[in-house]
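Each of the next two complexes has chain A plus one other chain: chain B in the first, chain C in the second.
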Partner chain A sequence: MTSTATDTRSSGAAGLRSWLERYPFLPALVILIALLALNGLFSPNSLSFRSLTGLLSTYMALVMLAIAQTYVVSAGDIDLSAGATLSLVNVAIVVLMERWGGGAGAVLLALALGVLIGLACGLINGIVVAALRLQAIVATFATSIFFTGLALYVMPVAGTPAPALFWRTYGGRLFGLPFVFYVLAALAVLLYLLSRTRIVTELLAVGDDQQAAYQTGVPVVAVRIKGYLLCGLFSALSAFCLTGDTASGDPLVGGKMTLYSVAAVVLGGSALAGGWTTVVGSLLGALTIGLVNSLVFFMGTPSEWQNFVQGLAILLVLMAGVLAGRRARA
Partner chain B sequence: MSAITSFFKQPLIVALILIVALLYLGQSLSPGFASADQILRLLIVASLLGIVAAGQNVVILGGREGIDLSVGGVVSLSAIIAGNVMNGADGGILPAVLACLTAGAFFGLLNGLGVTLLRIPPLVMTLGMLGVLQGLLVVIRQGIPSGRAAPGLSAFVTQPFAFGIPGIIWLWIAIGLFMALMLNRTVFGHRIYAIGSNEHAAYMAGVPVRLMRIGLFMISGMFAAIAGLCLLGYSGSSFANVGEQYMLSSIIAVVFGGTSLAGGKGGYTGTMAGALLLVILQGILTTVNIDESGRQMVFGATLLLLMLFYGRGRAMRA
Partner chain C sequence: MSKLRLNGVSKAYGATLALRRGDLEVAAGEVHVLMGSNGSGKSTLCKIIAGSVRPDGGQILINDKPVTISGPQSARVAGIGIFYQELSLASHRSVEENICLSALPVKAGLFVDRAALKARAARYIALFLEVAGEGFHAEALVGNLRADQRQLVEIMKALASEAPILIFDEPTSALDRAQVDRFFEILRDLKGQGRGIIFISHRMDEITAIGDRVTIIRDGETIETLKLSETNPATVIRLMVGGASDMPAARSSAPAVVQTGAKAAISVRNLSGKGFRDVSFEVAKGEILGLGGLHGQGQSALLRAIFGAGTVTSGEVTIGGERYDARSPRDAIRRGCAYVSGDRGRDGVISGRPIIENVTPIHYLRDRLMVARPSSLRDKAMPALEAMHTKFASLFHPINSLSGGNQQKVIIARWLIDRPDVLLLDDPTKGIDLQAKADLFALIRQLAAEGLGILLYSSEDAELLGNANRILVFNGGSVTRELTGDDRTRYNLYQAAYEAA
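Showing the complex of A and B:
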């Protein structure tokens, strides 16, 4: 009001804010680019097309799981069983593909069943959390124990290999381009289609203010169950990517990934309390975690310090994600 | 009639009834399950979980989505610190206790500072801290041997101390009394409920909300450190990630004790019963002869079933 300097500065800040509002994943993108640059600085080779493709196919599973988590977080819920769902789908499809002979038909049929298993896990979580109204953190922890038990029943010990057809396709090339790029493209289309539907808006409405959403006629229970169904679906897709990458079944493989998926969501700038989320941010957040891990490796950190430096770096980028996300919402 | 139903709806009563029922079930599945010796052993295991849950409890009571996912990491860290400081000698117990408490308080302080000054949600902050702690464990483990428990500490945890009951159970009872007094009779305790149920009102009434919250995370870290020390005494030597199991089971014990994850409601007496309930359930599952997959499925399903007995959220009303 008094000086033009303050005016331009405040309009600059407001401009930034509106940018952040429209593209809430910007901070995550900045962190990601910075990490890429650092990776290139320490090991120019790490920016080659080949190593970036490798990074993408390794962390595609986490990307999918982070996106799965984003949909429940949108509604203010959380799914601590996402990793266990991933494990269950992983062992189920590997066992089915093997039993049915490992041909193209067997693979496709197993994948279709894998999707159904993921959806079933999501449905159970949705019923338990939304319809029976148990607290999401403890209830999905309980279902994660149950799903892990199922996975152990399907495959008691890790190590059954996936058919060559499956992992060769995932790790290979199609029309000259790495297959994982087609996965990414298909994911982009799927996310775009989902963003055009009502479900995302409804999830965000429930996450923002459950009571208000209910009073304006949003079927809160059904919407939250749909959120868990989407989570189950993407957890299954995540299992496909993981199976393509590791080429084997492991009943405990996803356990450690659950908390990383939550971290990726936060890194991407979404609010854990719900009502404000970004799937693109979660995608970038998952890749950020992957890049942090590879950077710590390329920096020549002594092996015993790698976990510590990774942990510290992830804590720091988590803080950055929270602070930037809040600025965007404020 | 309604007095009777409301009596039976109290979480503590629910937990106690379930404990008796489970003991009965265990005894009928495998005779000797509810013998005095076995019950003492279950109580020792429950006290380890209960001590971690004490810290988890105050953090959750303090509200604003309070939760401490780093307790498991602190338990493991404390066990390895204690093992190295005492290294099998009774004279090292006191320094070990001090070192563990300092470490627990330090990581609690970091959690508290992140949650209050930077306003990072507790789940995120303590999740990140868990990653840091796990990395730190790897570093420590590479450099030094895992260390051994002093005989005095092992005796305190596993051998009868007074009236045939091991010292750790007395310690747990003492912590239970301390928590009950602190939560119900002190200004500090009342302030925990105050910030847990309405942070803004508490702030307006002059409660130092940030300081309180930092304190709660430090208490949580210190209780986890004590548990880590006792865990070392229980197992003799520490091994990788001994504390990991406590991360979510401490939260479940608190929930089974009737404390709301939303904060401001609940107490520690229920949590003690919740910890005991959880340990008895696990005890039954290890005695029955089914393979690991079946055990996990039954455990998960039973946890869900038990949760139905406790405070479910409210149905939406227009």
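Showing the complex of A and C:
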């Protein structure tokens, strides 16, 4: 609460608070740096340019999926089918590229179709959630099963390889720099442009208070559908990165990534209730999850304990980030 | 020619008729006041005009042409701007974004034109520059602002629509005098430009200050439209309440100062905390101590701190001679302290739950009740509710089915089952109708007569002058003046409130 009497003791906290308001991803950034340091401690080699590039190209898919999730979370919605959309696009492009011969033209055409498939999935979710007014969490759970079913129809068994041209490009170098850096740069430009669009402001206004946004004259249903379209688009981009990294199609690959993407959004400093989100935070959150996983590996955790330690570490990181944010904002 | 005309507009929610027959005619260049007790249908009428509620029947004409308003966007196109009583702001967006949200300026069909947005918002922010107070600027997040500042943003947002017809549904409930004065200057200006303005307020002085005509609504029906210059407040109130014109006077003469020597119910010595500093006073049993001054000068912060819901950094409080430092509201309640806030949604109502659950939580706590039978609870709840003349269908209806005034009565009733020693009232009549206010103050006086010590903060000066034995005027977090006896005049109160701290 603002008060007229200034309290010298709280001015430091107020400064931190205004910083957090401007850069809500700060706790995530601090945690990310701390995890990098820990990784370096357990395995100095893990901080080499080569292994960091590897980390980035492995977790770029999760970064994209977390960003996809961020746009629907902005409007107070959620998409539990993001991972299934990813799977569907993954198997679709792999099958199409193979069928069309695996040349440059085939790859590009397949990618274009992949984007369209992602958008179609987003549109279905948007219509079901915003226009038909079903609960987002249940409706997208249902569509996730539906999308997974389609993916299994397209490719019943995992393992069809992607054409070499595609994954060699993703994993390779361009003008001396790893390709994934160009992906990151393009993503940064895209996110910057998106942050200045009307739709993002409207998504946040809807997530803040849907009734107020409606009364203000914001076209709430259309805005929420556009949020799901953005989510579908980034899910497709996520599928491209994943395909580049795994070099194969797998109809079930995205399922377990959905909740990781939600965790990354929260870790990044966004509010799941909507109205208060940060795509940069989600990017950092996704990388944090990647670093936790690699840290568990470098610490030499026995394989049967890896899931346990992973879960514990993510829980700790979540607590640290959320508590830091809450304390500074209170 | 009329700017806006409504003929027999109606709206029902399920079995409840919110608006039976709404007629209204607003001319160009007038401020048309809508009056009616809470729940009479004023807000529904406004929302129908603004398109956020679809009417079941009736006709809307703008410039004598029938129009269909299908939603907020189509209302905007038809030339209607509105201030919503419950505000329509996005709390995580900045002031300027909120002001422009309904029509974001766009570049290349896709991007928000920041420069144009800033320029447009700045025009409306400039209107209230001197009165907006500390911490108010274009980039501030609305959620960080005080209640009065948020209300100013909603006003700016309505003004930014530049609509020929403007609706203001209780725009002044949280504003202080200077802010209201500035707002009225702007309204007069808009009137001069030939806009049609609909204005709702529960403050009679504001209505006579700004209104040209008044339309009275009772039980969802338009009763009459009068010229304010040809009528008087008594007539208007009589029309509002209908047959029951023998209402107790809310603004009757102020009670006399309580004779000294009565034991102190609560005493506060050198209390400081977030938002107030070095406050000392004593409230005798049976006394009503008023806290006056402009908004946000520490009155609410003090009351919340005493109740254990705010921070105290130094000083001490004693209740009934015993040292009292409530660490939490739970603690405060056990020690016989009661707190009623005007912000019912935040501090009072247990939304969506039956009335009986809303009356009994304090009883549970004070009686350490583990298991309760509804029938025995009813026996305890009914007298408390009846003391307030609360109108409700059954104890098991959700509290949201009541009007604002009746909800507040339920909130107050919860404190009456087990009598507290000290009652803290934090602007308790905010947004409730005149009849409910009158009931409430009749009860407050009766409670004082029974020996409670009462602290009353009110944003409406008439309520303080009419009910408090003494008034402490707050400015910048501390008490700058005490008004007793014949000093309790409107003039002294304004003067003390406005003088520099």
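Points to keep in mind about this one:
Assume the second predicted complex is superposed on the first by the 314 of 330 C-alpha atoms of A that agree within 3 Å, B and C clash if a C-alpha of one lies under 4 Å from a C-alpha of the other, contacts with A are read in each partner's own complex, and residues count from 1 in each chain.
The rule we apply is simple: a residue touches a chain if its C-beta (ideal position, glycine included) is under 8 Å from a C-beta of that chain, and two chains touch if they have at least 3 such contacts.
In this text, all values refer to a predicted model and were calculated from it rather than measured experimentally.
Contact with chain C, but none with chain B, is seen for A:A205 once the two complexes are overlaid on the shared chain. By the touch criterion defined above, A:Y214 lies against chain B and chain C together after alignment on the C-alpha atoms of chain A. Within the superposed three-chain model, A:L152 lies in touch with chain B and out of touch with chain C [touch as defined at top]. Between chain B and chain C, B touches the greater number of residues of chain A.
Judged by the touch definition given at the top, the superposed model places A:L134 against chain B, while chain C stays out of reach. By the touch criterion defined above, A:T197 reaches chain C but does not reach chain B.
Contacts of A:G311 after superposition on the shared chain: chain B is touched, whereas chain C is not.
Of the two partner chains placed around the shared chain by superposition, chain B is the only one that A:A273 touches, whereas chain C remains out of contact.
Common to the chain B-facing and chain C-facing surfaces of chain A are residues 211, 214-215. The touching residues of chain C, when paired with chain A in their complex, are 50, 52, 71-73, 75-76, 82, 84, 87-93, 97, 101-104, 106, 110-112, 114, 134-135, 141, 144-146, 157, 274-277, 296-298, 301, 476-477.
Chain B makes touch with chain A in their complex at residues 65, 67, 69, 114, 118-121, 123-125, 127-136, 138-139, 141-143, 248, 251-252, 255, 261, 291-301, 303-304, 307-308, 312-316, 318. Interface of chain A with chain B (complex): residues 80, 128, 132-135, 137-139, 141-153, 156, 210-211, 214-215, 220-221, 259, 262-263, 266, 272-273, 304-312, 314-315, 318-319, 322-323, 326. For chain A in complex with chain C, the residues that touch the partner chain are 1-5, 7, 10, 21, 193, 196-199, 201-202, 204-205, 208-209, 211-219, 275-276.
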